[in-house]
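Both complexes below contain subunit A, partnered by subunit B and then by subunit C.
And now, the complex of A and B:
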């Protein structure tokens, strides 16, 4: 009986949290629709978010993309040569980098950098009553604090994904020059890549980036607002933002990939 | 003098219950704050003052019951009504609650940007400067809150609540963290608000402030409003459980006048002198 009561209580608590999270997501979508239709004091928050999430992550994204592109090239070349299928290298690069690793790894980087930052920043604002202060002057925290972050993170992830793809393919080319005794001219290399690259490949990556951007930003802002009053809750919110974002990114990645290939 | 029972209520709580997590701060509390009067709620630490004033200001939704603003249920406010209420009100937080990533200038300017968006930069800067100077603040507008002492932050918080000239001002323990000079500035501001007929709701444990400015007085203890009414009536009613709080006020004797309507600044000053006797 006690076990049943405990299970029931947990189920109620879980349902209540789920409903709250869905309500939060609905509010974010509603306010996002309104954001560009009216004069907003939130524009500078959006500008700062793009600057922090997008511009300041260019360096780490480039380094990672070059390294991943090189690794894909090295691993792919050695396997394909065993089967005499070296010409498939270009197709593999396009599929692995543009469709999968570009959006996925970019989202992971942004989760680690901006997801934690957003959750802890908002959590700190809750603890210091800054959110209540915004409400007291008539600013809706969702439209003023959440929406610019959601738009900023999503736009940044899309741009960084394209940027990752470019540097990933470039990294692959650089490694190919070291491995190949007869280096391929870059014009020829790019020509072969572009002849294989389709609009679907590009759109597939961008679509994933859009979904991942929404996931990271909504989860991080939600976790930031879940802080109640103690400063000890702030790092917990950061950890939860990262953990839940990673899980949801992987789940949505599988779902979107299945939709594309089914 | 406004009658606590007969005057139109600016804000009214009806059977309102406040909860904080699993803890019930107060239960089925009803109180009406009269329009145009200064109401002071006295209470010791942990009595539920902050929850009460935040609920009255629409910052803490009641778990049960309703909060009315000039007769309208605030829980049913749409975006437009909510914004109109915020334009008509200002809130001073107990711990200042300034926006840490924003300069003092911008902290005070944001209510103007929200409620008076047509102001140009020069007009906005002038209003910010004028409001801060009323509180004795004339420089350092580019500083961040972290650069200020807690008392200075409190003064900026008061300026932020008043900059858009609201008709209804909520002050949660406005005297905390303030030194004597700053308290004098606060008293000047309160005198001016009274003289202009603003509705002011203050929660505090400072009996001096209550003695000087309360038209209506309430005593909150452990989430229960033990007494509420016109200042003199409430003080006169001091019963055993209120002795500690109200006997102190009763011992001060008569006030010069609960509402300095004529020669306001002078009256406020005179009242101040009497309170020092």
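And now, the complex of A and C:
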């Protein structure tokens, strides 16, 4: 009996939190739609969010993209050359960089860098009753605090994914030329790459980045607002934001990939 | 104020604009590379199978991609309609008698769709039908040299190109044999009205008459056998008799030959017999003295033979007695042997015979002695 009541209590708690999260997500979407229609001070928050989340993460993203692209380039060209299928290296590079690892690794980097920061910042604001202050002066905390962060993180991930593709496909070529005993001319490399690369590949990566950006930003802001009153809850919120973001990123990656290939 | 904060708007703007510009450049480059803005000329053809033919398959000429397949569909004749386009760069090559050829790698490295330009004067208008190399038109055009087909550059393809006509010939032969067999089968089944059918019909009528003919032949053969049986026996006996006669004639002939040899010999029998001083003449010319002497000898021999016959007859009468005497002698000898064995074995008179010194031979060779 006690077990049943415990189970029921947990189920009610989970469903309550899920409904709250869905309601939060709906509210964020609604306020996002209004964000660009109203001239708000939220633009300033958005600009800063893109600056800190996107621009400041450009360095690490570029390094990752070049390293992974060069590795795929060198490994692919050496292995597939043995089978007389060196042409497949370009397909492999596009699939790995543009379709899969580009948006995925960018989302992971942003989650680790900015997801925790957002959750911690909002949690601190809750603990310091700043949210109540915003509400007291008539500012909707979702439209002023959450929406700029959601848009900023999403735009940053999309833009960083584009940079990841550029560095992964082109920057890796430069590195691979130093490692490759028989360098490929840039014209030949670009010609073959562009003959295989399709707009669908590019749009697929951007679509994933868009979804991942929404996931990371919504989860992080939600976890930030889930802090009640104690400052010890703030790091817990940060950890939860990262953990849940990672899981949801992987799940949505699988779902989006299946939708693309279905 | 920090530079980043002071110029945040510019940095963020640049950050986004550069990314979007690069994205636009990539999309434009992809579009240019994939001929989004170029004019393509559409044509269509028919293949017997969709194997190796799919939307997006490149159409290649001398190693250059000159077009791509847009769409394929199965038509009412169970053939595959293939709609494709040729790039404007290569449109001038699409002339009358142009062909498409689907080549499949013999070692499983996929297939390629080759375009062979025709020798016509004007380019074909867009939307026209282009034949395939394995179609009847295509084969005829290739044989007439109306299509510009480059030589195959790999050994296997060249070998296959040589093998293909052979296979086609074999195929045609097999088809012809099949048709012939079908015609024969139909003729045998009585369904053909052609010359083969007439022949087979006549043949079957003839075969139907054979049993009756065979019965008649059997009767004739039996009659002939009966008539010839006695004749053969007589002939056999005559042959046997003739063999004996022939053997005798052979012997006679041999004797005659021997006699002829003897007679032909100038130092032989005849001159000796005819010689008046010869022994025969002398022996015969004695007033029967020799004859009489021979007669007397013969008479003496006859008497001696009669005497010997009497002796033998007497001896025959005495033979049982002689046999009995011999038998008794044998028994006596056996008894004497027993007595001697008993004397020998008697311990009382053992060692009873005195030893006697042997006298050596007085004659001896010089070499038998020693030199001691």
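Odds and ends about this structure:
Here, the second predicted complex is superposed on the first by the 255 of 262 C-alpha atoms of A that agree within 3 Å, B and C clash if a C-alpha of one lies under 4 Å from a C-alpha of the other, contacts with A are read in each partner's own complex, and residues count from 1 in each chain.
To be clear about the criterion, contacts are C-beta pairs under 8 Å (C-beta built on N, C-alpha and C of every residue); 3 or more make two chains touch, one makes a residue touch a chain.
Predicted, not measured: the structure shown is a model, and the values here were computed from it.
Partners subunit B and subunit C, once the complexes are superposed on subunit A, both fit on it without clashing. In the superposition on chain A, contact of A:47 is made with subunit C only, not with subunit B. With both structures placed on the common chain, the touch criterion links A:155 to subunit C but leaves subunit B unconnected. In the overlay built on the shared chain, the residue A:128 is in contact with subunit B alone; subunit C does not reach it.
In the overlay built on the shared chain, the residue A:202 is in contact with subunit C alone; subunit B does not reach it. The superposed model places subunit B and subunit C at 160 degrees from each other around the C-alpha centre of subunit A, with the value given to the nearest 10. When the shared chain is aligned, subunit C comes close enough to touch A:191, but subunit B does not. Once both structures are overlaid on their shared chain A, subunit B and subunit C have a minimum Cα-Cα separation of 12 Å.
Once the two complexes are overlaid on chain A, none of the subunit A residues touched by subunit B in the first is touched by subunit C in the second. Residue ranges of subunit C in contact with subunit A, taken from their complex: 4, 8-9, 11-12, 15-16, 19-20, 22-23, 26-27, 29-31, 33-34. Within the complex, the subunit B residues that touch subunit A are 21, 54, 57-59, 79, 82-83, 86-87, 89-91, 93, 95, 97-100, 110-111, 113-115, 117, 160-161. Interface of subunit A with subunit B (complex): residues 39, 41, 124-125, 128-130, 132-140, 228. In the complex of the two chains, the subunit A residues touching subunit C come out as 47-48, 50-51, 54-55, 58, 155, 159, 162-163, 165-166, 190-191, 194-195, 197-199, 202.
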